[in-house]
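Chain naming follows the written order as A, B, C and D, and within any one chain the residues start at number 1.
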Amino acid sequence: MSVGPVNINYEVLLSSFRSNVGITSDEVNEAFREIISGLRKMANHNKGSIILLPGSGTTAMEGLTNILKKGNRVLLATNGVFGDRWEEILNKYPIEIKTIRSEPGDNVSEEEILSNLESKKFDAIILTHVETSTGVKSKIEVLRKAKDLGVITVLDSVSGFGGEELDIEKNKIDYVVTASQKALGAPPGIGIAFISQESLSIVERGEGVNGYFIDFKKWLPVMSKLEEGKGSYFATPPVHVILALAKAIELCLKEGMSRRIERHQTVAKAIRSGLESLGLKIVAKRGFEANTVTAVYLEGVSPIDFLNIAKQEGVEFASSVHPKIANRSFRIGHMGWVTKNFAILALSVIERTLRRLGKDIEMGRGVRSAQEVFI
Amino acid sequence: MSVGPVNINYEVLLSSFRSNVGITSDEVNEAFREIISGLRKMANHNKGSIILLPGSGTTAMEGLTNILKKGNRVLLATNGVFGDRWEEILNKYPIEIKTIRSEPGDNVSEEEILSNLESKKFDAIILTHVETSTGVKSKIEVLRKAKDLGVITVLDSVSGFGGEELDIEKNKIDYVVTASQKALGAPPGIGIAFISQESLSIVERGEGVNGYFIDFKKWLPVMSKLEEGKGSYFATPPVHVILALAKAIELCLKEGMSRRIERHQTVAKAIRSGLESLGLKIVAKRGFEANTVTAVYLEGVSPIDFLNIAKQEGVEFASSVHPKIANRSFRIGHMGWVTKNFAILALSVIERTLRRLGKDIEMGRGVRSAQEVFI
Amino acid sequence: MSVGPVNINYEVLLSSFRSNVGITSDEVNEAFREIISGLRKMANHNKGSIILLPGSGTTAMEGLTNILKKGNRVLLATNGVFGDRWEEILNKYPIEIKTIRSEPGDNVSEEEILSNLESKKFDAIILTHVETSTGVKSKIEVLRKAKDLGVITVLDSVSGFGGEELDIEKNKIDYVVTASQKALGAPPGIGIAFISQESLSIVERGEGVNGYFIDFKKWLPVMSKLEEGKGSYFATPPVHVILALAKAIELCLKEGMSRRIERHQTVAKAIRSGLESLGLKIVAKRGFEANTVTAVYLEGVSPIDFLNIAKQEGVEFASSVHPKIANRSFRIGHMGWVTKNFAILALSVIERTLRRLGKDIEMGRGVRSAQEVFI
Amino acid sequence: MSVGPVNINYEVLLSSFRSNVGITSDEVNEAFREIISGLRKMANHNKGSIILLPGSGTTAMEGLTNILKKGNRVLLATNGVFGDRWEEILNKYPIEIKTIRSEPGDNVSEEEILSNLESKKFDAIILTHVETSTGVKSKIEVLRKAKDLGVITVLDSVSGFGGEELDIEKNKIDYVVTASQKALGAPPGIGIAFISQESLSIVERGEGVNGYFIDFKKWLPVMSKLEEGKGSYFATPPVHVILALAKAIELCLKEGMSRRIERHQTVAKAIRSGLESLGLKIVAKRGFEANTVTAVYLEGVSPIDFLNIAKQEGVEFASSVHPKIANRSFRIGHMGWVTKNFAILALSVIERTLRRLGKDIEMGRGVRSAQEVFI
């Protein structure tokens, strides 16, 4: 139950099991076509482009430089470690950044964002959909308002898309980043960027500050051809991941996005309910909890010991990475193909682990709360 | 028989078949350790660092910007399309480039390279080990001489390493690029960079012109830990590819590099001998032929028709990508896990394909020549 | 959580994933050798023979006819449906049978068995180790006493071996039957027979009443060669199952039989404890409960509805097959690679299922009891 | 290139890759339904029954005892080792057999069969479609004539069905045996019996001399339910093989039986043509050659040496098993998913092997002949 790469559905894994796949074979062409067409439907992104980048979510984050021009000023609202990464990325480029931060578990407020933007000093606003280090979800509607103020709107939905609602057109988002290995439930290897029609003109004019591998001017014609089902390539894609991602997206569409998000929501709610009934405190403040990842405070127990014993009991949880809370919290990833029984398993292992670490836990208490959510 | 991704050995593919692998799980940590330690032996690269980059060979090519400083002048010797790519990459950065080119099938001469370098105007020299678009192999000893002239030496061995001899220390190469999906015989998804001890100081001082994802300052501590078998990460690696690559490298070490290279050589020789006995002309000039890929001229036959019919006969060859010869040639990839029977298969399909296209080919003639090479 | 084929361990499954395996290839020969040598250790069966029969456990049951002569009288002690199968089998042959039966959940008593045997009217006694239809375990020590009375001793351990203690030599058993797909944790396809040294003479003299496919006179020389690691065959074995079984047995030996049995015991105990705390009644009487399968009474709930809803909740349990209780019970298979979390999962699904069927179940109660067994 | 289990198609193998399949799960039920319905079409067997027996082809051969009554007289026409097996099987039962034999490579003549049957002394006639030990194909039309004489007609098509034409209704065959691992191209583990409507009455009245596991009275109701897509079982089937077989049959239907047989024919013809041009002699007499297996004489070369060196060259051929020719012949299996390139590969390896063994072979000669068959 790491925070990604997630447990991969069997059918998805089997799809990638080919010894011999050319990068422009019919099989791969068809997979690309299905991925792009599926992503459009899942995110309601009908006009702009979608780029599948060999690499990781970070590759797609850096791809933002394609629509930022030299000297652009960016407002970054960050709730934790992965939000902060944007600062590190843009610092490598001739871009000015102003960062507004929240405390762990909290969310930068809409007011703070909008009042900054209203100062007219910014060309772009960056928001993290789900901050993986704290399990905090942002209210993405602020981007729509930001867009009305004339700025480029950017959403990092690496840990959100597939498990949280995301309507790109409705929310007027210019640039959305996600990755194959999170709530989409495929193996890692592909960063995904959704770019609005409007922003494409910056790419086409080559005004971005980007490097070569992530140069969308190179990728756009490739992606257009692939969307038409024709073979094309710029840098070799990880074809096995592409085949798996196509199957994952087929399963997403089959499940339906609303059912998929509801499933994530129910599992997340049950996990939180179970944790709280065991006396554990959720990092994310009430109302800010993500469907896909939950960070949890530990009291009187070393996270390292906790993770080790939980592993012996059968589940690998994720360590905390937020410097302010790393020594007193851990994380549960619950995205992709999670089910009710996934929540039960997690909670039963947490119960046994805490008891083995000397905590006076009522056995079965956490599971009971989860069960009550389900019934 | 594409030029990469290659046919993947069964054991290699099975190694990657895991539904649930954490990026810092013991299994992945051990795989990273084995890959790095194996690569050191295979390339005789004991002192500097090795970086495994999520992405492709191009990602690792762009990584060169970590050891190039603003204003550096680079001499690029290119034999074709993939050599030319360096120019496009470096043009994205404040680097000056002088390019010296050969005709398709030819090799930029050692004299030309050295006489340019002796002018003292260059900080670095870039050479392509095997030019995938023409099947031409460079003589990499020139890099040793270049090093003695004080320049940074760079080798693109994406289509070479694993199938051609490569001794990094002996040839004093500062930066070598390769990728998982070529002669190493694993799935695509990982670009690999070997950096000399000397060049690391540029990275450590942060003097490179690089972007964020390929920032080696971020990757070096991660790689150090992974080489010690400890978990660490910067951007999510494609773990399934890592597991497969570890197995591929295990098999490379088991086979032994000299035997592996000899196998590639024998298969390549048999293929060339067969092609020539059928009256076909090899693009690479005599003495410049690579072990890993062969480009072949077609006369009186459309490459598109040729490739389509060959596919019906059971083998997918690669189309030509070199603009000067694309309309009158095709390519055969023969790297990774190729065997004698691979050559036989290729030639028998070429015979039937040419006959079906109306060429007056003596059936069995190409196979006979290959058989004679083997006996 | 069916009663077999069980969930198969990943490594076991991967072992069988070969497209091209000759029946006398080195790979298959080695697998056979390891299976036979492993089974000897696991069951403490050093002197007699082991025969691996393509087919199922029933094939190996019918193999008993190799050591029964025309007119032999057999005493059959049966606790349910699978015990009764022996009667059906032997009725096809010129063998006389006397059957002594227990009620569902009960065990034929040692006294009844021994007093029958002391009448001197029998040549053989057949006992079922674990009766899969009721989850009842026999006390196999009675076979040792039976042997001292001079009869051929037969144990059906199809649902026992691998999860229950079994020492063939110590208990002086002449013929033991098991199968690949139960507590050994491999795919179905192989019936396994252990034959004592003493009984082999009947086979060698060809005195049995057996048919052709199960003719051990044909199989014995094949098995001898395979045990020596040499290729041999009589009827084509299901080679993929053989490869998987070899890996399963490797993992059994690695775990150690005592640890393996203890694991089965703990999981079984937790399941029973959870069920009872939910007010459910175990079919097997106290003291007769098997480690590998539990039959459970349902009150006021249709087994068909129960199984359907449990499946929706994520677990497939097994229907009951014992005619006397089929309409008011179901079964849980818990053998092979089961873990603590397997018990938790089963119980949490049973809780939700019963609640959905209108039973007034305290949610979490069953899981709590299981958790308490584990701590 | 063994004579079975054959190389298994990738898709077929992947279909069987499930860790958790209940024997009456929807997935398995559907697989059974598809297999039975597919086999009916492929063999034109619409009225009688089809039984899928866990085990091997031999299990299905012994199943014939279900329609033979005590004292029945059987005429057996055998062309080699696998024909002879019928004698061994029936000798275990109260059946009288008369065997008529041909020399290796030859076929028992229709005249001999019919003149025997006209004596009115026989209740059944058994014929082998393809004798795997010699590569000889029978003319099965004789069975139609035999049927008109009133006898039960039996065909062993273990090595024929899937690669040779077989119309059960047209040829009036009462009992046909085949197996999963031969020309059907699935893994071994399932013996298949086709029984005519007429013969079923013998089964229903329980008049056969059969044992228990192969008792069709037990299997018929199971198979009826499975054909309707309902779960049912008697002895545990090898579910993984069932899933694979369903996919193999899906692919057979997709290819079409006439195309499938033509493919086998072309490959077989090319192999024979190549062998003969190398001076090798085919065991099967002209006109009797099978599409699925070819036995070949070796002169001046030890078969053991030949097989070992061929294996080094990359292909495992099968040893000869016919006692009269075993020391001077070998066999090539070419059934299931064979292609043109399969023939080329086999011949090129044979050329190199013979040369290495000191034979004065013109390299490429065999491949040329095969190529000429293809063009």
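The rule is simple: a contact is a pair of C-beta atoms (placed from the backbone, for glycine too) under 8 Å apart; a residue touches a chain by one contact, two chains touch by 3 or more.
Since the model is a prediction, treat every value here as computed from it, not as a measurement.
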- Note on the structure: Touching chain A and chain D alike are B, C
- When B-C and A-C are ranked by contacting C-beta pairs, first comes A-C
- Query: At what distance in angstrom does the C-alpha mean of chain D lie from that of chain C?
  - Reply: 33
- Centre distance in Å when chain B and chain C are each reduced to the mean of their C-alpha atoms: 55
- Query: If you average the CA atoms of chain A and of chain C, how many Å lie between those two points?
  - Reply: 47
- Query: Can you list the chain D residues in contact with two or more other chains?
  - Reply: 10, 17, 19
- Item | Touch list for chain D against partner chain A, complex | 10, 14, 17-19
- Going by the contact rule at the top, pick out the chain B residues touching chain D in the complex. 313-315, 339-341, 344-345, 348-349, 351-352, 355-356, 362-365, 367-369, 371-372, 374-375
- Taking the complex as given, what residues does chain B use to touch chain A? 2, 4-5, 7-10, 13, 16-17, 19-23, 25, 53-59, 62, 65, 88-89, 92-93, 179, 181, 187-189, 210-215, 234-241, 316, 318
